[in-house]
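Each of the next two complexes has chain A plus one other chain: chain B in the first, chain C in the second.
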Partner chain A sequence: MFDVLIRGGLVVDGSGAPGRVADVAVNEGRIVAVEPHIDGGARRTLEAAGRVVSPGFIDPHTHFDVQLLWDGAAKPALEHGVTAVVPGNCSLSLAPLKAKDRAALVGMFQQIEELPPAAFTEAFEWTWEDFAGYRAAVEPGLQVNVAPLVGHSLIRLWVMGADANRRAATADEISAMQDLLRASLDAGAVGLSTSFIDVDENGRPVPSRFAPFSELDALAAVLGERGERMLQVVPEFYDTDITIARIDQLADLSLRHGIPTTFSPVFDSRLTPDNVPRTMARVEEQFARGARVWPQMQTRPIDISFSLLRPSLFFGRLPRWVRVLRQPLETRLASLRDPSVTDRMLADCGPDGGAAMMSELVVRGGDAAPAALVGMTLGEIARQRDESCARALINLSLEHGLDVAFVAASRGHDDTGRIGPMLAHPLMHIGASDGGAHLASFATYGDTGYLFSEFVRKAGALTLEAAVKKITSDTAQIWGLKDRGRLARGQAADVVVFDPATIGRGEERPEFDMPGDGMRYVRDAIGVDAVVVNGQIVREGGRYTDARPGEFCGVS
Partner chain B sequence: MSLVLAAPAAARLECAMVVGAEIVAGHDGAAELLVRLRHENGVEAPVVLDPATGFGVMEAAGVSRLDDLVGRRWLDILREL
Partner chain C sequence: MPLSRQRRFVTPGPEETLEALAARALPEEPLEAALERVRGWNLHIFGMRQPRGLLLGSDVVFVEPPLA
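On to the complex of A and B.
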């Protein structure tokens, strides 16, 4: 008697091999057989004819550290087929952290994740200081597997206190950081994250940015000593030359200490078309030397979002709009109500009334906009109101205290013809979703569905098997996650059943499910039928089950 | 506030001209300003600025339209920041 039997699906096992119709049997959290036909009963049988059965997807760049304390599924990541997440990126984790430093960390997290303050005061109780304590707090409620990084900024804060973002560390302090990193790795962290660009809520560099390279070198030595643990880095990604210099630094650390390293984000842009090619050329050179420096690229395009509450460079070609939107709020409101001002603003937009620039803007919701308008384009709204697009944008914003958010979709990293081959490059690590972060700015979920809908089905840049491999066994291998990423006997039974003809991501929509009625943008999953984690069904028929089989991933 | 540049840096930027200015999508969903500079040796390189800095550059250059940055000397703009 098996625990779970998945019958008759197209098994795409994560190796890159062609899919084959087979049954998959699971017992005690492990895959026990993958055969053309498996006899024997099962406590639960999933019929998968016409569906793909693959390893669960692994998301290597998330910020679910806080959310996991009240939501062990990292919703909606799990329903997209993601069975393992890596939180703790960008130098920030929730441990190790002394009680006296909690306020400082909350500021940094709010800056990055945009979590409402209530998330830190109402949703959970701080019961830990060290990494083992954080693990004890989070692991019992997990539905998804977790492979956490420990944040360099946290390690600095623990050892140096307020000096963490003021100065370089002494030799004794670096030694203490090494000990703390050892303890965190031994308690379940899979590696260390650091950042060269992030800032706190006051715009001050996070503590990791005050570390000289020698400090990072000392910490990387611990990663090597504990067995090829990962170093994750956020470089100065907006400048190709500096990114290349960081690639060289990471390569040196990789070779010296025998560790894998990864950096993100890597974006393509029409305006900097040589960025990715130059970056990848240097990555190839360093891999040829034996270094492991994995660039991470996200699949989804970048949107621009704005409201008239704050000046946005979206209006950078409309001089009168720039002048008005840079006024203090009360003055700005008065200007926007003054026809003599708005007539001139509209004149800036040309004879089409702003249609060319603004008609495709979409009302995002999650703010003061009427629910009926959410998801509509400004062009549709303008027609309903019998106004020009620019006039409708101003009037609609005025009617709701300017608290109406618009999104200009796919304004960067959106050239599928260029990005497809980049994602397919054997040294490109697909990730960088930022799941659980930027909550009030955009949805960080559904990148895996978008990989299949855009780059497998639409563009044909990757085969189904290659795409599955990229986000399962490749990721497990890069990160050294033990027994993950393959559908093979003896592997952990993390499985997703999906429809290859429809898997994708839903439209972005606001969801008020954060503590304190906080809002975030999410995307629903499309075409994912069932998700199994460690041999237990956690998602089926569009619903979550009560199973809590998630665990901290081991490293090989 | 005026910007004081070390002599070597100033020398490097002396001939850098703005040859393009575009709105790009930033990592955090905000619109950012990408200014493309052409240096004396012919090399072109982008500079990406966050919204506050981008507006500051436009103000320093005395322009209210991005396209009017084109043709301006980058060092002159920086000195007005």
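On to the complex of A and C.
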């Protein structure tokens, strides 16, 4: 008697081999057989004729650290077929962190991930300081598997306190950071993340950016000592020369310490069409030397939505706007009605009144926006009102209680004909979803569905088997995740059953399910019939089950 | 496969000042000229950053202009 038997599906096993019709049997959390026909009963049988049966998808760049404390499924990631996530990217994790430093971390998470403050005060009890304590708090509720990174900024903060974002560390402090990293890895972290670009809520660089290369080298030595653990960085992706310099640094660390490294994001853009080709040329050169420097690229185009109800990534280069949008609602309304404030905000937008930045914004609808304006550009609206774009944005928002959402569509990375071959490149690591972050700016869910709908079915840039391999066994191998990413006997039974003709992502829509009635943009899954994690069905028939089989992934 | 030539850069040493870095990177140049060149080649530090010119330990500092 098997625990689960999945019958008659097209098994695409993650190896890249052609799919074949077969049954998949699962017992005690493991795949025990993949055969053309398996006899024997099962406690649960999933009929999969006409469907693809594949390993669960692995998302290697997320920020679900906080959400996992109240939502062990990392919704809606799991319903898209994602059975393992890597949180803790970009130098930020939820441990190790002393209680006295929590406010500093919350500020960074708010700035970088757009998490509402209530996420830290209403949704969980903050009981831990070290990484083992975080694991103990989060693991019992998991439906999805987790392979967390530990954040460099937190390690600095723990050891150096307020000096973490002021100065270089002493030799003793670096030694203490190494010990803390060792303890975190031993408690379940799969690697270390750092950032060369992020800032806190005051616009000040996060602690990891104050670390000289020698400090990163010392921490990378620990990653090597503990067995090929991953180093993740977010580089200055807006500049190809700097990105290439970072690739060279990562390659040196990879070769010196025998570790894999990854950087994200890598974007394609019409403004810098040679960015990805130059980046990949350098990656190829470094791999030829034996270094492992994996670039991560997201599948989805860059669309940013926002209203003046919340701070948004859209205003990242306008610090004054960000400061105003972070004020409590009544204060913010007063600020936006105060010409002495708005005149300065408008001045920050440049002599064109924000036209270059804002004229192509489109009114989304579905909120307080007048129906007649839905679908119009802000440039059109500004001309009608005889106002500058920035002024029209503020005034129109004020007239409707700030509840007017705009979308900045196709801000780059949207040329399928160019991006398809980039995703198919053997050294391109598909990821960088940012799942669980930038909640009020765009939906970070459904990139896997979009891979199949846009780049397999529509463009034919990858075969079905190649696409599955990219987001399952390739990811598991790059990260050293033990027994993940393949449908083969002895592997962990993380399985997705999906319709290859329809799998995709739904329209982006606002969802008000964050703590404190916080809003985020989400996309529903399309064409995913069932999801199995560690041998237990967690999603079936459009519903989540009560099973909590998720765990911290081991590394090989 | 040999590595192709890319734009040369240095990284700051612990607590290294911009003056010390410029003198190290461009030893043949008078200090003021070296500083001016380093500033001009690194707009990500001296043009885009707030506060402007804050040198961070993790910075990549280019010591030549973009390659043609």
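As a convention for this text, the second predicted complex is superposed on the first by the 456 of 556 C-alpha atoms of A that agree within 3 Å, B and C clash if a C-alpha of one lies under 4 Å from a C-alpha of the other, contacts with A are read in each partner's own complex, and residues count from 1 in each chain.
FYI, contacts are C-beta pairs under 8 Å (C-beta built on N, C-alpha and C of every residue); 3 or more make two chains touch, one makes a residue touch a chain.
Bear in mind that the values here come from a model prediction, so they are computed numbers and not experimental data.
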### Query
Touch check for A:319: first (chain B), second (chain C), both, or neither?
both
#### Entry: First (chain B), second (chain C), both or neither touched by A:209
second
### Task
Answer with first, second, both or neither: which of chain B and chain C does A:257 touch in the superposed model?
neither
### Query
Counting only touches as set out at the top, which of chain B and chain C does A:281 meet: first, second, both, neither?
second
### Message
Quick check on the superposed pair: does A:289 touch chain B, chain C, both, or neither? Answer first, second, both or neither.
### Response
second
### Query
Who does A:332 touch here: chain B (first), chain C (second), both, or neither?
neither
### chain B versus chain C as contact partner of A:229, first or second or both or neither
neither
### Message
Quick one: is A:244 in contact with chain B, with chain C, with both, or with neither? Answer first, second, both or neither.
### Response
second
### Query
Is A:429 contacted by the first partner chain B, the second partner chain C, both or neither?
neither
### Message
Counting contacts the way the document defines them, which residues of chain A are shared by the two interfaces, the one with chain B and the one with chain C?
### Response
239, 241, 319
## Note on the structure
chain C partner, complex, touching residues on chain A are 167-169, 194, 196, 203, 205, 208-216, 236, 239, 241-242, 244-246, 248-249, 281-282, 284-286, 288-289, 319
#### Entry: Touching residues on chain A, where the partner in the complex is chain B
237-239, 241, 265, 267, 269, 271-272, 301-306, 311-314, 316-320, 322-323, 326, 408, 411-413, 438, 441-442
### Query
For chain B, which residues are in contact with chain A within the complex?
20-34, 36, 45-46, 48, 51, 54-55, 58, 63-67
## Note on the structure
Touching chain A in the complex, chain C uses residues 1-4, 6-7, 9, 11-15, 44, 50, 54, 56-58, 60, 62, 66
